[in-house]
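Take a look at the structures listed below.
Presented sequentially are two complexes of chain A, the first with chain B as partner and the second with chain C.
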Partner chain A sequence: MNKTLRNPYVYLLFVLPTIGLYGLFFIYPVIQSAYYGLTDWNALTTANFIGFGNFERAFQDDDFWISVKNNMFFILFSVFLQVPLIILFSLLISGVKRLQGFYKTTVFMPSILSTSIIGILWGFMYHPSIGFFNKFLSWFGIEPIYWLSDTKWALLSILITNAWQWMGFYIVLVLAAILAIPKEINEAAEIDGATGFQRAVRITTPLIMPVISIVVMLSIAGAMRVVDIVLVMTNGGPAGATEVMASYMVNKAMKYGEYGYGTALSIMIFAIALLLTAIYQIVFARRQERVEY
Partner chain B sequence: MKKKLLTTVASVVMLSSVLTACGGNNKNEASPSASASTPASNSPSESASAPASVERFDVSLRHIQIGELQKFRKAILDEVVKKSEEEVPGANFELDAVEDSFNRWTKLPAEMAAGNPPKIFDVFGGPAEGQKYARANKLLDLTPILDELGIKDKFTDTSTFNVDGKTYGLPLGASSEGWFYNKELLEANGIAVPKTLEELEAAFETLKGKGITPIAMGSQAAWVPFMLVNTLIARYAGPDIQAGVANGTRKLTEPEVVAAFAKYEEWIKKGYFTKGELGIDYTGQTNEFIAGKTAFLFDGTWRASTFSPEGVGKSLNGKVGYFAFPAVTGGKGDQTAVNYNQNNGYAFSSDVNDNEKAAIKAFIKNLYSEEYQVRGFKEDGVLPSMKVDASKLTSEDPVMKEVLANNAAAGTVFPHFDSLVAGPVNGEFEKQIQNLIAGKSNPQKAVEAIQQAQDKELAALK
Partner chain C sequence: MPKVIKKVLPHLVLIVYVFIILFPFVFVLLSSLKETNDQIVTAPFGLPKKLMFENFADAWSQAKISRYFFNSAYLSLSAAVAAILLSAMTAYAIARMRLKRMSKIIYQFILLGMLIPGNVLFIAQYILVQKMGILNTHWALFLPYTAGALPFSVLLIVAFMKAIPQEMEEAAIVDGLGVIGSFFRIILPLTVPALVTVFIINLLGNWNEYLLSNFFISKDNLRTLPTGMVGFRDAFQTSYPLVFTGIVISVLPILVIYAFLQKTIIEGLTAGGVKG
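Then we have the complex of A and B:
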């Protein structure tokens, strides 16, 4: 028995089934995608090899770059508006003495709802004549805003809805980190005369930086692959104003049967996502020191 | 307690799987009782005449007749399915209702790519859809079936479903596109039914001045405003423009086409369409008109049944009129021409066995008959796609009467671009129309972009 376990090939035998599955469901499709990205495959007739033709086309495709820009808006909105709000709400909820569980559940609720339901629900709230927002604005004599059908407002409307859906999930993450901080640290600061605000900014926030860093990274990754909320609420419209990379890719591949081009786009999306996450890791995440209490 | 719960759950799961298996056995035979009783029968003659046990088989049928707006068409489909099931022993049509544009742009293309389309499905003709699938050998060649049923010459036009002289799809009906108007709203505002483009525009202006939206429009899906643009182009550039652009003999950059786009842009800028149209879907557009919020609606003649006493828009019963797009001063070609489409119907998967083929044959025989063509027309305002005895095509419906009168007065007909051009060109058309609505394009830029897409397609064909 001991002899067997010393043989490295035995271990290989143990991982073989997993490697097989991994290869079949991950490696093989990736290689296949890479190949189809180099063809003009339309899923109906034989694919012809066209080299980097699809990628060249993608670089000249203005609509694709508009969708990339929209994804960047998602990232900026997530990192600079959503994350600070997440921290703020987490700090507020961690400070309440009563009904903390209720608040936690309430903020978490949207993230367990299906995106389709959220899309339809917010669609009603944004409705030009019967929607909540316009009703509210009309009390102040403000003209109705065509939230989802005006190219100026549509993306913002989706950003808000998307933020509402996912903030609760991150708040619970950050909240767990805050509650894990030993009470003594805050108590010591309080004895030293630090105000609530000072304690939040100087004690709590630095201590939860590793979790915030993860939240930022998850937000970036989430913003890169966002598509469902867009498809449900506007399907990329009005006039392409809310098109994101993934919805553009789905449309090209499915609606027009340009599977070769669609695959090439998906490879580019992957590359862009990889690049951004790598940049974030190198520039910000590595600087984080390990927090030890 | 936990253990007890686990045991209960396990037994329920086991029991249900056993029962499901039993159910499955029953389902595979159409008449198990008949087959079981046959050997027990005493009289030999009786046993010989008893129906033999027939293997039950499913035939998947994808249709788009969903919701209140399509209820008449769904009733016809149900009847046809019932008849066909009775005629073909063992056939069980499995109806799968999918929303039109989702079926057209997402589900069916994906199924075609994966090689598993339903056996019978709703499809649009033209190079972007039906003909593309036919060329890829995904569709059943219907020519022998039509010959056998003797209905080959009964169809008025199957050209958008034809490839190399063979027919791969059958149009369910035909339609024209024109103006529906709310008689009450027009009367209340002292507007006579417009006879010329100038009168029509004057009507828009009057309504706008009184705070009424002139035209109901839901441009969330671009095919909806495309209907109006298609007709505008034909009025300005002549009824042969669609075919000309498709075969490369004419260009969308011709000044007449630009003028048509310019007119459309002018109407957008003057605010003649529903506000926020890019966020309104097709149903929303119909609802705007039914609610009496708008006076005009540019739509297909299939919409006529909506205003019947049983239709969704019954509140407007007897209060809706119809007229073809008026003549344009200086417009090229026949100004009485109307749009006429026979581009939507059923096609069938090429991957079928003999049983399924028999079911398909029965389905075609039953659906494509004079009876249903006439009923489709009377109940639902669908114009016939087959040669039907003209004396039977009378309608008591006031809107349909006007449709018929308008079409009878037409010198010629013109098709829709989407039945003649390839997918990417159609896509560019739709994109440019929406961009025009959003103020992100102009007529010249729009036609150049579409023509460029068409040039690319034509070059690829050479």
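Then we have the complex of A and C:
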């Protein structure tokens, strides 16, 4: 019995393909990145070791910091606008009896679709002449707005599309947590005379804080990773107004062939993501009391 | 507040939200059935005068959407199946076989991969694929898709396999079943729920993947739907109905699957989403 389950050949047969593929596409690129990041390798010349030159350059690269700032807008937008709405909608859905399944299925739907297709689709919603938004504005006699090619509006347009795609996903997460709260707690509060609003604010919301914390974490992680939607809708333009860190990094490497500098940027992105996660954990997550019921 | 309002108000708010979600789809569907740009421009929300189902035939054949569709389908399926097979085997070795110390090391090693966000390795993976000489072939997507799915899949399947009681397997082995037999006949069938979850997450992830597909493949014939559609949009800028038809064709299969498997998909993706 023990011998059968200790067969080293079968063990290797089961483990090696995974380790091989994982090593080749994860571990090896990590090691290579650490090396490329310290070189001035580009499409034209061979790699020369330049120490931390790329990182010094990145710190002075205003365009890169504009893209960092845009990622921060993604974070602020999702944490301060989307999360409250997510909580509101989950509370509303959890409160209705009829159509609950329908609401849940519908709001979740955009998150299973390809971001690129959604980018194309919303590109037409924002289209200057056939798009919905300008048609709507024209009923009120407002001049057409060039949503995606006006520096004032482009980022907001993408933020809205991004929210449209992902809010439902988080709503379903929060909804599951709300529905898992034992009924007795709310019933007891109701007997004590708490109104529906009071129960939502004083009982349900505190009880789902752990999930909200997860949602905030996931939103931050998602905002740091965002790239597809930018590449598809504006490719970072107009004039860098919608450039995010990942799109900037990808364009540096693929458009200009700056592999060394691009890799250094991707290490910076990783570092910034780690930093934000750490800050979030220290400032917010630790204050959270564990809820048990 | 009167009781009726209290009951109706949440529905009103939610209906507005549902409307916002569905609205773009209605716009696209209506437009895809129209004959000319003109009809879309003058009355974006008017019903088509004549239902142009020809658009679908045109987009499907003329614009190579059938090609993209087929590429996407077989790439996402094969990579998802490969990832499941590899991770189930590895998970079995880690969770069920009695080489505990080795398993612990391997498990930790594989979980390291969960710390690394996908985009960060983009350039290094591009160089790797180039060096391997598989740039511009489907291998350049199949291998990273499969590899990318491994850490999370192993994590989930190990957790599931650990929960299967020892006795079943023991009895089978005492009766003379080998370790490979035990894997395929006893443990794998019991792991099906976890495998389904992992499969759905990987399949949808592959089907929707854009970044690698965009930069690792430049031959039009090899493109997948997400990148093919962007090229299609750029090439047919002036023929809106055709582009809208393309969008409908690429979204429809996912929506049909979703209609049937919504519960499984929602559970799978939310479980997978927490992985980040």
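Keep this in mind: the second predicted complex is superposed on the first by the 264 of 293 C-alpha atoms of A that agree within 3 Å, B and C clash if a C-alpha of one lies under 4 Å from a C-alpha of the other, contacts with A are read in each partner's own complex, and residues count from 1 in each chain.
We adopt the following convention: contacts are C-beta pairs under 8 Å (C-beta built on N, C-alpha and C of every residue); 3 or more make two chains touch, one makes a residue touch a chain.
Just so you know, these numbers come straight off a predicted model, no measurement behind them.
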Task: Answer with first, second, both or neither: which of chain B and chain C does A:T45 touch in the superposed model?
output: first
Query: Should A:L179 be classified as contacting the first partner (chain B), the second (chain C), both, or neither?
result: neither
Query: Which touches a greater number of chain A residues, chain B or chain C?
result: C
- request: Would you sort A:L21 into first (chain B), second (chain C), both or neither based on which partner it touches?
  value: second
- prompt: Thinking of the overlay built on chain A, is A:A278 touched by chain B (first), by chain C (second), by both, or by neither?
  reply: neither
Which of chain B and chain C A:G240 touches, first, second, both or neither: first
Query: Now for A:A188: first (chain B), second (chain C), both, or neither, which partner does it touch?
result: neither
- request: Pick one for A:K255: touches chain B only (first), chain C only (second), both, or neither.
  value: first
Task: State whether A:Y146 touches chain B only (first), chain C only (second), both chains, or neither.
output: first
Message: Taking the superposition on A as described, I'd like to know which of chain B and chain C A:L81 touches: first, second, both or neither.
response: neither
Statement: Intersected contact list for chain A, partners chain B and chain C 254, 259
Field: Partner chain A, residues of chain B touching it in the complex
entry: 105-106, 109-110, 112-114, 132-133, 135-136, 138, 220, 275-280, 423-424, 427, 431, 434-435, 437-440
Query: In their shared complex, at which residues does chain C touch chain A?
result: 6, 10-11, 13-14, 17-18, 20-24, 27-28, 31, 37, 40-41, 44-45, 86-87, 89-90, 92-94, 96-99, 102, 106, 109-110, 112-113, 116-128, 143-144, 146-148, 150-151, 154, 170, 173-174, 178-180, 182-183, 204, 207-208, 210-211, 214-215, 225-227, 229-230, 233, 240, 243-244, 247, 250-251, 254-255, 258, 262, 265-266, 269-270, 273-274, 276
Message: List the residues on chain A that touch chain C in their complex, please.
response: 1-2, 4-8, 10-11, 13-15, 17-19, 21-22, 24-30, 32-33, 36, 89, 92-93, 95-96, 98-99, 102-117, 119-125, 129-132, 135, 164, 168-169, 172-173, 176, 196, 214, 217-218, 221, 224-225, 227-228, 231-232, 246, 249-250, 253-254, 259, 262-263, 266-267, 269-270, 273
Query: Tell me, which parts of chain A touch chain B in their complex?
result: 43-45, 63, 128, 146-151, 154, 234-235, 237-241, 254-259
